[in-house]
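All chains are identified by letter, namely A, B, C and D, in their written order; residue positions are counted from 1 within each chain.
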Amino acid sequence: MSLIVKTVTRLTVGLILLYGVYIVSQGHLSSGGGFAGGVMIALSFVHMMLAFGKETAFKKLSEAKALFFESLGVLIFLGIALLGLVGGVFFLNFLPPGEAFRLFSGGTIPFSNIAISLNVGAGLFTVFLAIVLLNNDSERK
Amino acid sequence: MTMMVLYILLVLMIVGSIIAVEIKDLLSSVVALGAVGLGLSIVFLLLKAPDVALTQIVVEIFMVIILIRATLRRDLESSPTRSRPLGAVAAIGFIAILMMIATTSFKDLPTFGEPAMRVAATYLEQGLSKTGAGNLVAAVMLDFRGYDTLGEATVLFTAVIGVSAVVRRIGRKKANRLKGRENA
Amino acid sequence: MMAVYVLCLALFCVGVYAILAKRNVIKIIVGIIIAENAVNLFFILTAYRVGGRSPILSPGQEIMRVVDPLPHALVLTSIVIGLATTALLVAFAIRLYEKYGTFDIEKIRELKG
Amino acid sequence: MIPAAQIIPLFVAIPLGGAFLVALIGRKIPRLPDLMVSTASLFLLVLAIYSVKLANAHGTIVYAVGNWTPPVGIAMVLDGLAAFMLVTVSLIGLFVALFSIGYMERFTAKWQFATLFLLMLAGMTGVIVAGDIFNLFVCLEIAAVASYALVAFGTERHALEAAFKYAVMGSLGSLFILLGIAWMYGYTSTLNMADMAGVLRNTGASRMTLMTAVLFLAGFGLKAALVPFHAWLPDAHPSAPAPISAMLSGVLIKSLGVYALCRIFYNVLGMTPALSAVLMFLGALSMGIGVVLAIGQWDMKRLLAYSSISQIGYIVMGIGIGTPLGMLGGIFHLFNHSVFKSLLFLDAGAVEYATGTRDLKKIGGLARKMPVTSGTALAAAMSVGGVPPFSGFWSKLIIIFAAVEAGHYGYAFWAVLAGVLTLAYAMKVIKYAFLGNPRARCQNIKEVPVCMQLSMGILALICILGGSLLLPGVREVFLEPASTVLAEGTWMAGRVLNGGR
C-alpha cells in the first residue's frame, strides 16, 4: 500500500482499537457491548493487515494465537455461567448488582462482555485470515 | 416526521437491495448491499435502538470486507446474471402465497408503535434495580437472557472453527493401501 | 401504519427471490444477507413505541415510554448469527471458485440424481 | 424446582465445555479429541437415561435459567418427549463417536472434527430441552452451522458443493423460522413457548396462527427435508464423512426438524384438523417420492439418503394423524429410524473404508470378507424393510393401524405400498453389496477396526431388540410419556408456567 495509507493507518489503528475497548468496557452503561466492541477490535487488526500486509499483522496476532484467544473467550463465558450453576442456578448473576451507572456495576455483565469481545475479536480476525490466506494461495497458482 | 423518514429509508433500502440483486457487476452488488446495511443502521437509530445500530454497522463493514475479498479479481465471465427459471417460479409462487396470507395476518398484529409489552414491562421495571446495568439491552442480553448470548457466542465460535476446517488444503489423508479410489 | 410491515416484508421477499432464483453464488449470499436484514428490521419494528426513548437509562431519569428492549437483544443475537453463517458461506464460495473456477451454481454440479 | 433439575443445563454445558476445551488444547494433545468426544457423549447418555427416570417421576420439570422465573427468563423444559429425544440423540451420538475414532483417522485435523461434532451434539440437546422459542432457534443454529461445516469436512469438490447448497437451504429455513418467531413475538409479546400457547389459546387469533404456521412449516420442513423442501438432502448426506451422514440422517433432521415442528405445532400453535391434514399429506408425499427415488440409486449412501426422506414421511404422517396411537407409532418410528438409518450409514462408511467405493455395481460378495459389517447391515436392512420381528416392522405396523383406526384408508394403503417398495431397496443393498461373488477389487479387503465393529454391533442389537420397547411395562416408561406430551397439546403449557407437574 502507499505511504499515505500506511501513515494514516498507523495513526488510526490505535484509535480504532481503543474505541473498541471503550465500547466493550462501557457495554453495560451505554450503547455497545461485547459484540460491537469485539468486531471493532477485529476490524482494527484487519485494517492493519490490509495496510501493512500479513507479516506485520502476524507479528501482532498469529492465526494459532487468535484461535486460542477465541476458544479462551467463549470458555470464560461458559465458566461464568457454570460458576452460577455452582452458586445455585445456571447463569446466575452471582455478583452483587452494585451501584448503578458505575464502571463496576451489573454483577457479571462486564466480565461476560470482556469474554465475548475476546471471542468475537479473535474469532472474526481468524475468519478474515483464513479467507485472505486462501485467496492468496489460489492466486499464486 | 419520523414515519416519513422511515418510509423513505425503507423504500431506498428496497431499491438498493433490488440493485444489489440484479446488477451484473459483483463488486457493485456488494457495495449496494453495504448501502442497504447502512440504511438499516440508520433505521435502527430512528427506531431508538442505538445498540443494534452500532452492531449492525460494524458487522456490515466486516461482511462487506470479506465479500469484497471473495469477489475481487474474479472475471465477469464467470458471474452469470440470468436467473434459474425453476427457482424463479418457486420463489414467485412462494412469495405470492406468503404475501397473500401476510396481508390478512397483519390485522392481528398490534398497531405499529404500540407494542403489547407483556414480558418487557418487567425488564423496564426491574432491569436497573435487579441487575445494576444502566443499559437495559445489556441487562436483557447478559443477565435475563444470558443463555441465548452463550448460544450466540457459540454459533460464532462454530462458524470460525468451521471456516478454518473448510479452508484446509488437504482434507483427507492419502489412502496408501487403496488403489483407484473413486471418491477421493 | 401497517405499510411499514409490508415494506419490511417486501425487503424479505427480495432476499428470498435472490436465494431461490439467482445462479451466482455471491448473489445467493447477498440474498441471504438482505433477507436477514429484513427479519432483523421486523423485530425492531415490533419493539418501537411512538415517541419512545431508547432503552439506555441515565442517572436520575424516569423510566417513561421506553421502547421494548427485548427485541433489541434478540436482534443483536441474530445479527451475529447471520454474520457467522455468512462467513461460512463466503468460505464455501471461495473454495468452490478455487475448485470449479466459476461462481455459476448451474455449472457447479457434480451431484445429481 | 426440584434439586435433581440441576442436571438439565448439563445437557448443554457438557458438550459445549468439551468442544471449547478441545479447541483450546486439542491440537497439542493427540488423543484428547477422541477421548473428549467419547466421554462427553457417554456422560450425555447416562444423564439422558437418568432424565427418563426423572421425567417419569416428576412429569414436567422446568428449569429457570439465571433464576428468573419464566416467562421473564429463559426456561429449559424436561418432559417425557424431551427425555425420549435426549436418549435417542445421545445413544446415536455415543456410537457414532465410537465409530469415528477409527473412521476419522483417514482425515486431517481431527481436533476440528471433534469440536464441531460436540458443538452439533450440544445444539441438538439444546433444541430438545429448550422451553423458549428464541433459545430453540439459537441452539438450532449451533447444530446447523456445525453440520454445514461437517458436511464439507473432506473438502472435496462434491463435498463443498453439497455443503454450499445445504448451507443456503438451511439458512433460508432459519430465516423463515426467525421471521415466524418475530411474528409470534409481535403478537404475543413473549418468547416462552408455554406462555405463547396460553396467549394464543385465550385470544384465538386464527389469521395470525395461519401465517406463523406457514412460516414454521416451511422453516422446519426445510430442516427436516419434507418433500417440497427436500432437494438438499440427497446431496448433503452422502457427501459428508460417514459418521456425520449417520448423525445427520439419524438424529439431526429429527431433532431440528421433526421434533421442533411437533413441539411448536402441538404445544404452541395447537393442532387443528387442517394442520393435521397438511402434515399427513406432506408425510405421505415424502414417503412415496423418497421411496421411488431410492430404488433407482446405485450409490449406496445416496440410496440411504433418499430412504431417509421416505422414512421421515412415515414419522410425520404418524404424528400428523393426531390420534394417541398414531403419535406413539410416529415417535417409535423416530427412534427406530434413528437406530437403523445411522447403522446403515455406518455400514456404508465401513464398506467405503474397506473397499474405497460405495458404488453398488462395483462391490459385491462382502459377506465373507466383512462378516460384522454384513451382519449388521442385514439387521438394519430388515428393520428398514419392515420385516418382523425387527424394530421397524412394529413401528410401521402401528402407524398403519393408526391410519386405519382414524379412517384414513388411503393413507394406510399408501404406507403399506411404500413399505413393500422399501423392502425392495433394502434387499437391493444387501444383494449387490454383500451377497454374490466378490468382485476383483474386493479380494484383498479386511474387516474394519474393532471400535467400528463394536459400535455397529451394538446398534444392530438395538435394531433386533427394539420391538421390546413396546412391551407393557417398558412402553409406559419410555414411549408413552413422549406421545402423551404431544397428545396433551397446548394444555401442557399450564404445567410449564406453574413450575412443573
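Methods note: a contact is a pair of C-beta atoms (placed from the backbone, for glycine too) under 8 Å apart; a residue touches a chain by one contact, two chains touch by 3 or more.
What you see is a predicted model; the values in this text were computed from it and never measured.
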With centres defined as the mean of C-alpha atoms, identify the chain lying farthest from chain B. D
Let me have the rounded angstrom distance from the C-alpha centre of chain C over to the C-alpha centre of chain D, please. 28
Taking each chain's centre as the mean of its CA atoms, chain A sits from chain B at a distance in Å of 20
Distance in whole angstrom between the CA centres of chain B and chain C is 2
Intercentroid distance (Cα basis), chain D paired with chain A, Å: 36
Which residue numbers or ranges of chain A touch two or more of the other chains? 30-31, 33, 35, 67, 70-71, 74, 78, 81, 90-91, 93, 100-101, 120, 124, 127, 130-131, 134-135
Multi-chain touching residues of chain D, meaning two or more other chains, are 16, 20, 23, 65-66, 134, 138, 141, 145, 148-149, 152, 155, 158, 160, 163, 183, 186, 189, 191
Where chain C touches two or more other chains, by residue: 15-16, 19-20, 45-46, 54, 56, 58-59, 68, 70, 74, 76-77, 79-81, 83-85, 87-88, 90-95, 97
Using the definition of touching given at the top, classify the network of chains in this structure as line, ring, star, complete or other. complete
Which chain D residues qualify as touching chain B in the complex? 16, 20, 23, 65-66, 68, 71-74, 105-109, 112-113, 115-116, 119, 122, 126, 132, 134-135, 138-139, 141-142, 145-146, 148-150, 152-156, 158-160, 163, 183, 186-192, 195, 199, 205, 207-208, 210-211, 214-215, 218, 352, 356-359, 362, 441
Interface with chain D, chain C side, in the complex: residues 12, 15-16, 19-20, 25, 28, 32, 35-36, 39, 42-43, 45-46, 68, 70-71, 74, 77-78, 81, 84-85, 88-89, 92-93, 95-96, 99-100, 108-111, 113
Residue numbers on chain A that touch chain D, as the complex places them: 67-68, 70-72, 74-75, 78, 81-82, 84-85, 88-93
Residue set of chain A touching chain B in the complex reads 23, 27-33, 35-36, 39-40, 42-43, 46, 63, 67, 70-71, 73-74, 77-78, 81, 90-91, 93, 96-101, 105-109, 112-113, 115-116, 119-120, 123-124, 126-128, 130-135, 137, 139
Using the touch definition from the top, list the residues of chain C that touch chain A in their complex. 54, 56, 58-59, 76, 79-80, 83, 87, 90-91, 94-95, 97-98
